[in-house]
Structures are given as C-alpha cells and as structure tokens.
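Two complexes are shown next, each including chain A; its partner changes from chain B in the first to chain C in the second.
What follows is the complex of A and B.
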C-alpha cells in the first residue's frame, strides 16, 4: 500500500469527529444487521398495548396500533442504509460515467451531455422525486430510482471538472502519445486520480439519499409494505401531542445516522484532500 | 545518405485565429530522418517546433488546430492517411514521444514499474508477469539503479532525472523506430541533462532508432545531433549537418541564434564572439508580414526580402538547404562554394 494511502488512513483515524461518526454509523449498521434476530416477528406485528411510553412495556414504547417502536427503528435502519447505499451507487455510476465522458472527450460530446445535466439540475430535486415516485408507483426500487435520477447531475459536473483538469496533465497526454486507447486512459489513468473526490461526494450523498427517502415515506410515498423511519414519523404525527416518542425516536434515528455519515464524509474529505495529500 | 526511416513532405498544420480564420503554424515542412541519426530541430519558442512533433504524431489539439496537408511516410505508410485506430497502433510502437516535464509526465498514483508494463501491454499481447519482467529489464536498460526496488515505487519517490529515465523506458517499451524528444532535458539540471542525453544516444545506437530532438539549447545540438534543422515562424529556414551548421550557419536567423549562445565552444568561424540578442520577437503567426518572416528582425535585410517568401533551396554541400535570398553572399569565407 502506498504511503499516501496509509497517511490518509492515519489522518482519518486521528480525526475525533470522523471517529465519532464512524462509531455511530457502526452502531446503526450493527442494529440493521441484528434486526431479524432481535425482532424476528417484524416491525408491523402488533405486540402489545398501544401508546405505551418508552421504558415501560417496551424499551422505546409502542405506537397507536401497539407496534414496538424499537422493532421499527431496527428494521427501518435496514431500509435507510439500503436506500442510501444503493441510490448512491447508482448516482456514482451514472455521474462518473457521464462526467468522465463529457470531461474526456470535450467539444460536442461535452456540450450535449452538459445540457442534459443542466436540464436535470434545474428540476427542484425533492419535488422531482415526489413526482417520479407518484408516477412509478411507490416501491423500494422506484424510491431508489427517483432519488438517483434527481441527484446524479451535480456529481456528473464535479467529475467532469476533475476529469478535465487531469486530462490536460502531461502524463495523460503522453499516454495518448504512446497510443493508449480512450477507454483505457479514462479507466486506468484518469479515474484513479478522481476517485478521492468521488468518494467524499458519495459519502455525503448517502446522507442526502437517506433524508430523501425519509421525506418521501413521511409523505406516504414510500413502499407501503416496508417499515421506514420516515413512515413512522408520518404515522405518529397525528399523536404528536399525546405520544411524543412516536415521532421523536425515529427523528433522532434519522438525525444520528445522517450526522454520523456527514462526520465520516468530512473526515474522508480531510484525509483525502489532494492539497493535504502532497505534504 | 543512408536510407531514410521517416520522411515528411510538405507537412502543414493550421490553427484558428480568434477572428476565425486559419493560419499555418507548421508551413510546408519537409524532413528526413535516417536510422541511428539524431536530427535536432531548433528555434525560438513559438516557431513551430513542438507543433511539428505533434503534427507527425497526429496529436494536434482540436478544435484549436487542424492538419492541412502533407505526408508523413514511415515504413511505407503515410501516417496522415491512417484511421485514428491505425494511428493509435503506430503511436508508441513505431513512433514514440517523450515530453519536457518529467515531474508531471508520470501518473502520480501508479507505481512506475506498472506504468512501464502498462505501455508494453498496450501494444503487445503478453501476460502481466511477462510485461512486468520486460518492464524491469527496461528500467535496468535506462540505467535506473536497483530496478526491482524502484519498480514498485511511485513517481514522487524519484528524482527528476530518474523520472525522465522512466519516461524514456516507457517511450522505448516497444522499441519504436522513431523517437521524438520534445525538450527532454529542459527541466533537468545540467549534469543530469548530459546523463539523459548520453543515455538516449546509447539507446539510439543499440536499437537503431532515429531521434528527432527538439530543443532550444544549441549546446545540446552541438554535442548530440548529426543534423540540424532551424525553424522560424512555422517554416524550415535552414537544414545542415551539425558540423557545417556550427562551422558557418547560412541563414541570418541561424547566425543570430548562434550568436546569442554564451558558450565558448560555439564561437563562430569568423570570430564573431560578441553575445547578441535577437531584436524583437517572432511575429504573430496569424499576422505574418509579406515576404520573409524574419525580414523585420534581420540585420541583412534587403528590398527583395519583403516581397516574397524565399524558397528553400539547396545550398553548398549535399543535403544542405537554406531559405534566404542573401545566403549567397559569403558570410564565412567558405560558404557559397
């Protein structure tokens, strides 16, 4: 492993914010992984008295139908992480593909792809996602697809900018002079130099995707057969004054997860920042 | 004259001016390069040296520039007529190029050995272990000490001279017939310069390559080149064997270039020791004056010079050419037969 990479790791490990974020995130991942064992009956099962406050019958109380909120949080973590990661993966693939083609080939290819990108950037993203999910019918796949479609454009622009700057460096020019093919130059020579920027942007995008998903399911546009944090908040909203925990606990879950991911993202940014990397 | 390896005839490359018209940056250049020969291309910045190299490699930046005729004959093929795909196979395998800046010419995120084997695998189908073995040999060939240790290191571990050696290894990976070296030593300090040029010279002889050495350092030319080609404003204005060139340059521009070099070994034959700068600059290529492009700066200018571009004509000995109306007038006693 290169010095640069080990140094980046060390910087990340020494960053208290990033470590806190990583710790919380690890907790969320563990909870998501353990959900089927901790609550094998599933989050929709009515297991006890409705409106039970936290630390009484259930650890985190129950909702108005007597469903265990802790079970909802654990199972909801699976969905949040799944949506966050899969949507981000799609965004990264799409954004990197379009950005690198536009940046590498320039000229007309660039103009055409950037006009398309700008078209997507002009759509207010959350409203765009609502419309898409409404048209496609709410399901896990349509939610992920909608989030990806409204979010890839900024990443494509970011990648394009980075690719243009790397493309004009001499070592890329000398690869052209040595007869290397376009695809090979993009994959082997350019993308590794762009990847740290993409990693940082993508880590923050996971958090945004989780927020989007929560917002959509809060509005009732989530998959109706899946328990999510947003859905719990939406359902508990009616009883907010009498049973605060029904909205507060899933809200805290979202807050902590998004915060943790942002902390990790910032830590990665500092660790991989190309300006610091040269030191 | 030995069999020529590379022949360039009437090569012309144009750039687009801000006003949208096209003007030549390489203007009808002919050259021939024999195996085992080093041809130096000299001239000031902006006279078209690098563009000549890019035109031969068909790497003229688009849409700023465009090829506008001529032929580049290598191994019986005209490179100008090849498809982009065929040309890609030629680059690196038949004609290779090394660049000025060894600091930025290597990928900072890839071990140097891998970069060498990458360029082997681009043109030849061989296994990665075979490519790695040959890369190691190449690193050894270009005089890198402890090649096995260097193989896995990144460019920032290497000094400038080492990096330029790696660049040379990459360029020579497929034993090209022609190597174009675009100011290969400008960024290196003087002792390293000499080492790198000696290395190129040795490899040239071992592999039977021809080298086109683009430089503005006449000291380098005197030491390493067999023939010299002087460019001015996109045209070839003089061509001579290195020996004749330094004995008595025929074109006033060549004389001016030589007179501006502060080197004791490069004293002109007529005893003109004085270090002089060339007044003025290369005229903007999109607004060249009528007649000889050098007329505005030429100390020997006469009326006819401003009327039409002097044609390149044989001058004196075999293979010597000059494009100047006044080159007949004896300048060094032995010129003009």
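What follows is the complex of A and C.
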C-alpha cells in the first residue's frame, strides 16, 4: 500500500501540468492566508481615488468607490476557497453516504435512492441553486448549502458504481460470512477502495463549486456583507466602458484558481488511477 | 420500425413523469420554505403591500386553506400550466414565460450547434495531431476555456468586439426602433446573436473537445481500425468512416446531459447580454423578488430537461441502431 502511494506521488510530481497547478494554487492559498495582514482595513474600505487604473496609485487599480481591487482579490480568495472546500465536503459526505447505501444494499433501497438521485440530476442545477438562495435569502451558508444540494447527485452515482464493483469481491463476501456488521463492512472494507475515485472527483468539484459561487454572486445572490470575485465583476460591469480592469482582474483571479484546481485534479486522476481514462 | 420508436418515445416520457411530479411537489414546498408568510413572499417587492392586498393574495392562492387543499389546487393549476400571476409584470406567469421561451431556445440551439460542431472538430484534430504542436495548442485552449467563468467570457467579448471594435451590438436581440421585417429582421437578430451564442458555447466546446479527443484516441487503438488499415483502406477514410462515427457517440450523450447545464448558463449569458429570454426573466425576477415567476421558470426549465432527455435518447437510437429500444429504458449517465 505504502509502495503504491509512493509511486502515485512520483507520478504526480513528474506531471508538469499538475505541478504548475499546485504552484498557482499554493499562491492563491498564501494570498488568502495573508489577506488580513496585507489589507487589514478589509476589502470594503475606500482607500483612495476612484477609477485609478492598475499600476498607478494601487497595484491593481481601484473601483468606482475608491476601494483597492487588490484588497478585494486577496479577501475574495478566502471566500472562494472556503466556499469551494466546504461545499465539496458536504457534497462528498452526502454523495458517499447515499451512493454507498444504494450500492451496498441494492434492491429497493437502491432503486429508491437512485430515483431521488435522478431527480436531482434532472433539475437544472444552476437555476435550482438560484431559486434556493433567493428563497433562503443570500448568505454564505445558503450559498454553500444550495451548491451542495444541486451538485451531490453525480458523485452519489459514481460512488454507487464503485461500491457495486467492490461489493461482490471475495474479501467482502468473507467479511459477510464472518458476520461483520454492514456499517463496518462499508466503512472499513469497501470505502477505502473507493476513496481514490472520490478524491479525484472531489478535487474537480472544488473548481466547479468556485465557478458556481462566482456565478451566483455575479447575479447579486452573494452574501451582501462579503466581498467576492463574482460580486466585484458584477459591480464593475456598470463602469465597463471606461474601466476595463474592474471586471477583467477578478475574472483572471477566478480563471487562474479554477485552472489550477483542475490541473491538480487531472494530475491526481492520472496518479491515482493510472489505468483509468480521464473523468 | 417507426411504431417501435413511437412506443419507445411514449415510454420514455412516462419515465419522466414521476420526475415532473416531484418537481411540482418541490416547487410547492419551496415557497413555504421562505422565511415569513408565503403571502409576503408571493407579493414580493410588489410594493408596500396593503393589508387588503395581502388578504387578496391569501384568498387567491388559498393560503387560508389547509395545506392539502392548497396542494391539490396547486396541482390542478399546474396541470393546465396555470403558474399564477406575476404582480410585478401584471400578467400571468405562463404568458410571460412562453413569450420569452423562443429567445432562449434560439440561443441554446445555436450554442449547442456551435459547441458540438467545433468541439468535435477540435477534438478530432487534437487526436489526429496528438503530441504535435497543433494537438498541444488545442488541449491548452480547451483546458483554459474549461476554467473560465461564462459571464467573464461574455464581458470580455463585449469589451473587445462591441465596445472597442464595434463589430457587434452590446445587448438586446434586435435593434431598437429599427423598422425591419422579413430577412432584415432575421439578419438583425443573427447579428445580435453572435456574441451571446459564442459565450454560451465556450465552456461546452472545451468540454466536447476534451471528450472527443479522448474518445478518438481510444477508438484509434481498437482492433477494427487496425483491420481497416490492414485491408488497405486509406487513412482519411479510416478516420472518417470508422473512427469518427464511433468516437462521436460519447459526445452526443454528453450534449444531451448538458442541456440542463446550458439552461443555467443561459441565465448568466442572457443577463450579461440583455438577451430577452427565460434567463433574463429569471434575473429580473430575482431583482424584483418575484419568487412566483422564478419558480415558474424553474418548473418550465425542468420540463424542458425531461423532454430533451427523452428526445436525445431517441436520437441516440437513430445514430446507433445497435441500441435496443427496450434496453434503454434506464439512462446510465
């Protein structure tokens, strides 16, 4: 096992795309961590002349209210990463729970749970998230919850498939014969074999969740007290004719972060499932 | 044969029925999930609602009745597409939605054609020139496009092609005040359609490119391709007749699955470009807190997904005759 892990690590480290992604991601994480020290006054503070272009008064310019865009980027990184990680955590818990129950027990449990899953896969997820956030009132929690609720279904399907393929192997059957409890078999015998698939899917889901959040806050469905990249772009739209940087710079931040996470996810996929095709 | 197809289509629609029913139930309870009285929610920002007005809404929606009576009347209304009244617009939700539907369908249809067409082409090229500069460039382009937020693509296209170059209009579906009809109107709409359709197809094109490339590379390694080559079939013909036809199937399946995603994308693209479809209507209803209208849009777009899923399944059987109609009652995405 540890030998396999070392080999997976080596494959990951030798993948130039994955390393580039990891490097950019490390930069974003560092920026997010340093935001309170770099810009202690927070992203909403009006610190100077409005409409200042980049590389003049401020490194990345200022917006129409004289807020430092760099401060918004730094503080926005915290929110993007937070939403991406927490939403993915909820998705993984929910998807793994439902997928493994359906796959392990089969029969009626399976068909009932898969009906529910199919429902969540059918509804248009972004519109569903808009409806949920609009009804629950925009807040960090409702945004994360809405993203998780509309996104767990594909993961549940994936986990179910994996669990079914493991379920009838001999070592699982022998545990059943030994009289081991269902919960223990799922947790100790089956899930460890599914985990590499979940890790790969989850890493790509962080990126999707970040894109989702930016879309919601661009439409004005973000928490009004929190500065996010999507909100910055939505607000900068009004001044697009004269001040291109207000919409361009936060977009590049989203692009780089999502790109980095996707590259790391692809790298993990190739490292952990070398024989499998790309997701 | 067409009888088998028809019965298959009917069965496919029957399969979608429980989902539609579930959507209706969820819609019904969603309004009641909102903090506060459902009447306040339904009134939205319809103004400083007077006590009398609120009472009117309560009676109209039967909010003073027990829950199961409310639910039954809601079901009855939905069956005839009565989705209530938008106080904001002063019109029924159904009339608003159906008026806007065609613009969204036009946008999505165009974007789907562009994204699958270009995606298949780029993916095939990337596979053909694998490990060569062209293949690498296409893969790089796809990876970057895949990570770009749709609304940002739209805004960048507006800045470059509408504001700076002035090639395309910034928003709307037709020139306001232009008294055009017939062909002139069609061309005007097409001119307005270019940027929104490109924006919406951007992400999906990247997705299909990656998928097509992977699928092509896999098919190229298959035995029947080797056989075709061994028979002396010219390379171009091998690719066109043997590889492309098989490799395209996963892309088709994916395109069907993505209808639901594209509907979400059209909300964003329409809000960026002021394209007067369902998405813009959803955006406007958000701003006005017109939840009833928003739920109507949600319901109709879910119906749209169920219907297209069934149609895609049918198209699938046309492309790949090996698929038994009966065996495809369950979709495995």
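The rule we apply is simple: the second predicted complex is superposed on the first by the 273 of 279 C-alpha atoms of A that agree within 3 Å, B and C clash if a C-alpha of one lies under 4 Å from a C-alpha of the other, contacts with A are read in each partner's own complex, and residues count from 1 in each chain.
Rule of thumb we're sticking to: a contact is a pair of C-beta atoms (placed from the backbone, for glycine too) under 8 Å apart; a residue touches a chain by one contact, two chains touch by 3 or more.
All figures in this text were calculated on a predicted structure; none of them were measured in a lab.
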| item | value |
| --- | --- |
| Clash or fit, chain B versus chain C on superposed chain A | fit |
| Touching partner for A:214 - first (chain B), second (chain C), both, neither | second |
| Contacts of A:178 with chain B and chain C, given as first, second, both or neither | first |
| Residue contacts on chain A - larger count, chain B or chain C | C |
| Contacts of A:192 with chain B and chain C, given as first, second, both or neither | first |
| Shortest span in Å between Cα atoms of chain B and of chain C, once chain A is used as the common reference | 16 |
| Chain C-contacting residues of chain A that also contact chain B | none |
| Complex interface listing, chain C residues touching chain A | 16, 18-19, 22-23, 30-31, 33-35, 41, 143-144, 146-152, 155-156, 158-159, 163, 210, 214, 218, 260-261, 263-265, 267-268, 271, 282-283, 286-287, 289, 291, 294-295, 297-298, 301-302, 305-306, 309, 333 |
| Touching residues on chain A, where the partner in the complex is chain C | 17, 115, 118-119, 121-132, 134-137, 154, 157, 207, 211, 214-215, 218-221, 230, 233, 237, 240-241, 244, 247-248, 251, 254-255, 258-259, 262-263, 277-278 |
| Complex interface listing, chain B residues touching chain A | 57, 59, 62-63, 87-93, 96-101, 104-110, 118-119, 122-123, 154, 167, 170-171, 173 |
| Residues on chain A engaged by chain B in the complex (per definition of touch) | 2-4, 107, 169-171, 173-181, 184, 188-189, 192-193 |
